[in-house]
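Read from first to last, the chains carry the letters A, B and C; within each, the first residue is number 1.
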Amino acid sequence: MNNLVENLPFMKSKRLAFSLVAILILALMVPLFNQPYYTKLIARVCVFAIAAVSLDLIVGFAGMVSLGHAAFFGIGVYCAGILAQFGITSIGLVVPIALVVALVIGGVIGSISLRTSGLYFIFITLAFSQMIFFVAQGLRMFGGDDGFRLPGPTIWFDGISLSQPRVLAYTMIVTLLMVIFVTSRLMSSNFGQVIVASRDNPRKIRSLGIRPYPYQLLLFMISASICALGGVGFANLNEYVSPASISWVQSGEFLFMVILGSAGTIIGPVLGAAAFVCLEQLLSSWTDYWMFYLGIILMLRVIFLKSGLLGLLTRRSQ
Amino acid sequence: MSSNLLLEIVDLIKTFGAILVTNKVSLNVKPGELHALIGPNGAGKSTLINQITGELDANEGSIWFDGQMVNAMSISHRAQIGISRAYQVPQLFSSMTVSAHLNMAQIAKNHLGFQMWNPSVIHEGLSESLEMILSKVGLLHLANHPSSELAHGEKRQLEMAICLSSSPKLLILDEPLAGLGPSESAQMIELIRSLKGAYGILLVEHDMEAVFSLADRVSVLVNGEIISSGSVEFIQNDELVKAAYLGDELEAH
Amino acid sequence: MEQVFNGLQLGMILFLMAVGVTLTFGVMNLINLAHGAILMVGAFFIAFTTSTIPSFGLAVLAALFLVFTLAWLVEVLLVKHLYSKSHLDQVLATFGLSIVLNDGVIMIWGREPLYVNLPSWLEGAVQITPGFSYPLYRLAITGVAILAGLALWLLLTKSRLGMQIRGGAEKREMIGALGVNINFLFTSVFALSAILAALGGIMLGPMISVQSGMGDPLLILSLAVVVIGGVGSLKGALYAAILVGLVDTLGRMLWPVMFGDIVGNIVSNSAIYILMAVVIAIRPSGLFGRRISV
């Protein structure tokens, strides 16, 4: 077990490991102080972190830039919402259904998109997420463009529901930890090695006897499912379901989180999501036009920083 | 298809538009033999290799490997049945260590790519057989180094090690000596010599001394055609070959 | 019949945008997600200039000049750094630029949509056939787009710069070998693509309400055009643009009739992407594209 923990991709330095544990302890303590604003903030970070980690699998590890992950996020949001409309709110039902729906749609989108690469892949993932956006927008019985209020929060059991900030926060923290654990194991396995090799040199991996497509497709489907998990959390966080969660701006924000933190590291995107939420909160408290400044920060980050936050942290501790 | 041949190419033809790049080429490699393919630049050696490995499709003719016709097989399928290629420019995985490359070759060959839960065995260290391969090519001391930090000669050695880790039947070596200094060359030549008998080898090279020292048979490709094929002595004395090759490289030896 | 014309028109605007995308990617390997925002800025500029300059013609020129300046600034400050970076970096940086522009216009002009007034000599309708008349302005736009297309064609086939651009779009390695002034070439291509997009925006300005984000749906549609036509192919961009314009416009009439209101609406919006998915499935590099090597 010790050996396993040491081999997780991000556990390269002791100092980093300690800092992460410290952050985790802090995060676990916050919901105990009766401050719903900060508690929900923790939940928000976790929701985005889950989405960012799922995207990192495709962008960082598989080396393919997807501009359409908001679609899977939105699938999670709408699953939570639509099921709630029909009275299904038990977490034991909502989560598996969202996972399966995202898995299947991810399979359909992936099977077509993965036949392309590079520029085409970027465009086609964007296009597919637009299609899903239009479907959501067109569902007039579910609010159409405006969306609808979440009729009932997803619940663990009677009395403990995700509409309670503390419950939401702890649920999301635990979910995030599970996601980090599962994805780390996945990418440390043989499967992960194949994915990375296919990114580094597709020609060579073929000459060794492996066709990348089935592996990439499976990873894409897993990534879609995990992203939907974040979507379920998001629906409960906002207590609202709307197509805005499927916009390409949302996809772009997820990419920002991945690169802000350092792609291909799993922990990096988590840090990126945290940084993004902090930026979001800080900027919007100063000005109405926080997106403007976010865009500038984004451009500056691309031009001036070579690696993301994780890169900065691990370099210092070496 | 003669059953005792490892690789057999029969009347292979390849055109790029109006240009005939492979002109009714026939060639074979016996198990355990080292068959060298020589020829001036632009003769079509790379194109021929690409057709054997599957990176290019031939227009006409057939390619047989180990009793099967492989013309319709994908690159990865051909690799699975035992065709392994060491590229002229070493094709490596820039983010991986030396050991990880050998590990990957094994994962590919043994169909272990869908193991998704257990940490890849590379995290615990190399297996004995892979360690032996690393040591054979002389890279054991660099096992945990990122491949991006290797010198050119070391990358060549790694390329060879990767091939060997796939448990191949046929090794296609594409100019393994190019760019190597004298001592590195000598090392590589001896390495290749040690592989004779255990594998069928198709060696594409310009270094004539190496070719004549290693080859069991030699074929000469000029303008997409095999103009001569036979033992080393036969080729060294063949007038056709001397004329086509301008004689310089042969006479020097 | 009117819809056919509308479709062709949409196709021409998409063509202008798609050419920009395909050239910048083909020649400079640059993905520019801010292209839609540039179209929007073009529309805002014309709204601004027509409200301050009485002559429509002058207003158009002024707007074009403003766009050119902006494109030059953007290239020097941002785009220059992106040529050597990865696709991910380019996507993010130009994404950042697009949200800066989208919010920037709100900062300057507010959230209310703007309207552009047409001069009287462009108003009214033209009789094409007895019983069918078509708005003059829309015809004018189509004319302008065709002219722009012709001018582009002339530039690309008859001038030296044009040859360099075409060569670069087909085979990027050629540019270095030809000893071309790379900086000038790249800046020119970027400026050209920006002007084309902004021209689209300028022409659209009087037809639809000018507001933040108006260019983004068109950007995504133009990406679909480029994918269908094939990256790096100008012929592909033209044919695909017309195809997409027609399919989209005519489809919006057709699908609700075939599938009913709700489904028809969804299909109307998604039809182009379904088309794109089909094209990719059959020919992964687009109808006229060169094979993108993996």
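The working rule: a contact is a pair of C-beta atoms (placed from the backbone, for glycine too) under 8 Å apart; a residue touches a chain by one contact, two chains touch by 3 or more.
A quick note: this is a predicted structure, and the numbers were derived from the prediction, not measured.
Looking at chain A and chain B, no chain is in contact with each of them.
Ranking all chains by how far their C-alpha centres lie from the centre of chain B, first place goes to C.
Rounded to whole angstrom, the centroid-to-centroid distance between chain A and chain B, based on C-alpha atoms, equals 44 Å. If each chain is reduced to the centroid of its CA atoms, chain B and chain C end up 49 Å from each other. Our note on geometry: chain A versus chain C, Cα centroid distance of 32 Å, whole angstroms. Counting partner chains per residue, chain A has residues 203 touching two or more of them. With touch defined as above, chain C holds no residue shared between interfaces to two or more other chains.
Shown for chain B are the residues that touch two or more other chains, of which there are none. Of all residues in chain A, only 59, 65, 67, 112-113, 115-120, 122-124, 126-128, 130-131, 134-135, 137-140, 202-203, 248-249, 252, 255-256, 259, 263, 289, 291-292, 294-299, 301-303 touch chain C in the complex they form. On the side of chain C, the complex with chain A involves touching residues 25, 31, 33, 78, 81-82, 85, 87-89, 91-93, 95-100, 102-104, 106-107, 216, 220, 223-224, 226-227, 231, 262-263, 265-266, 269-270, 273-274, 276-277, 280-281, 284-286, 292, 294. Of all residues in chain A, only 3-4, 7, 185-186, 188-194, 196-197, 199-201, 203-211, 215, 218 touch chain B in the complex they form.
For chain B in complex with chain A, the residues that touch the partner chain are 53, 55, 74-77, 79-80, 84-85, 87, 91-96, 100, 103-105, 107-109, 112-124, 162, 166.
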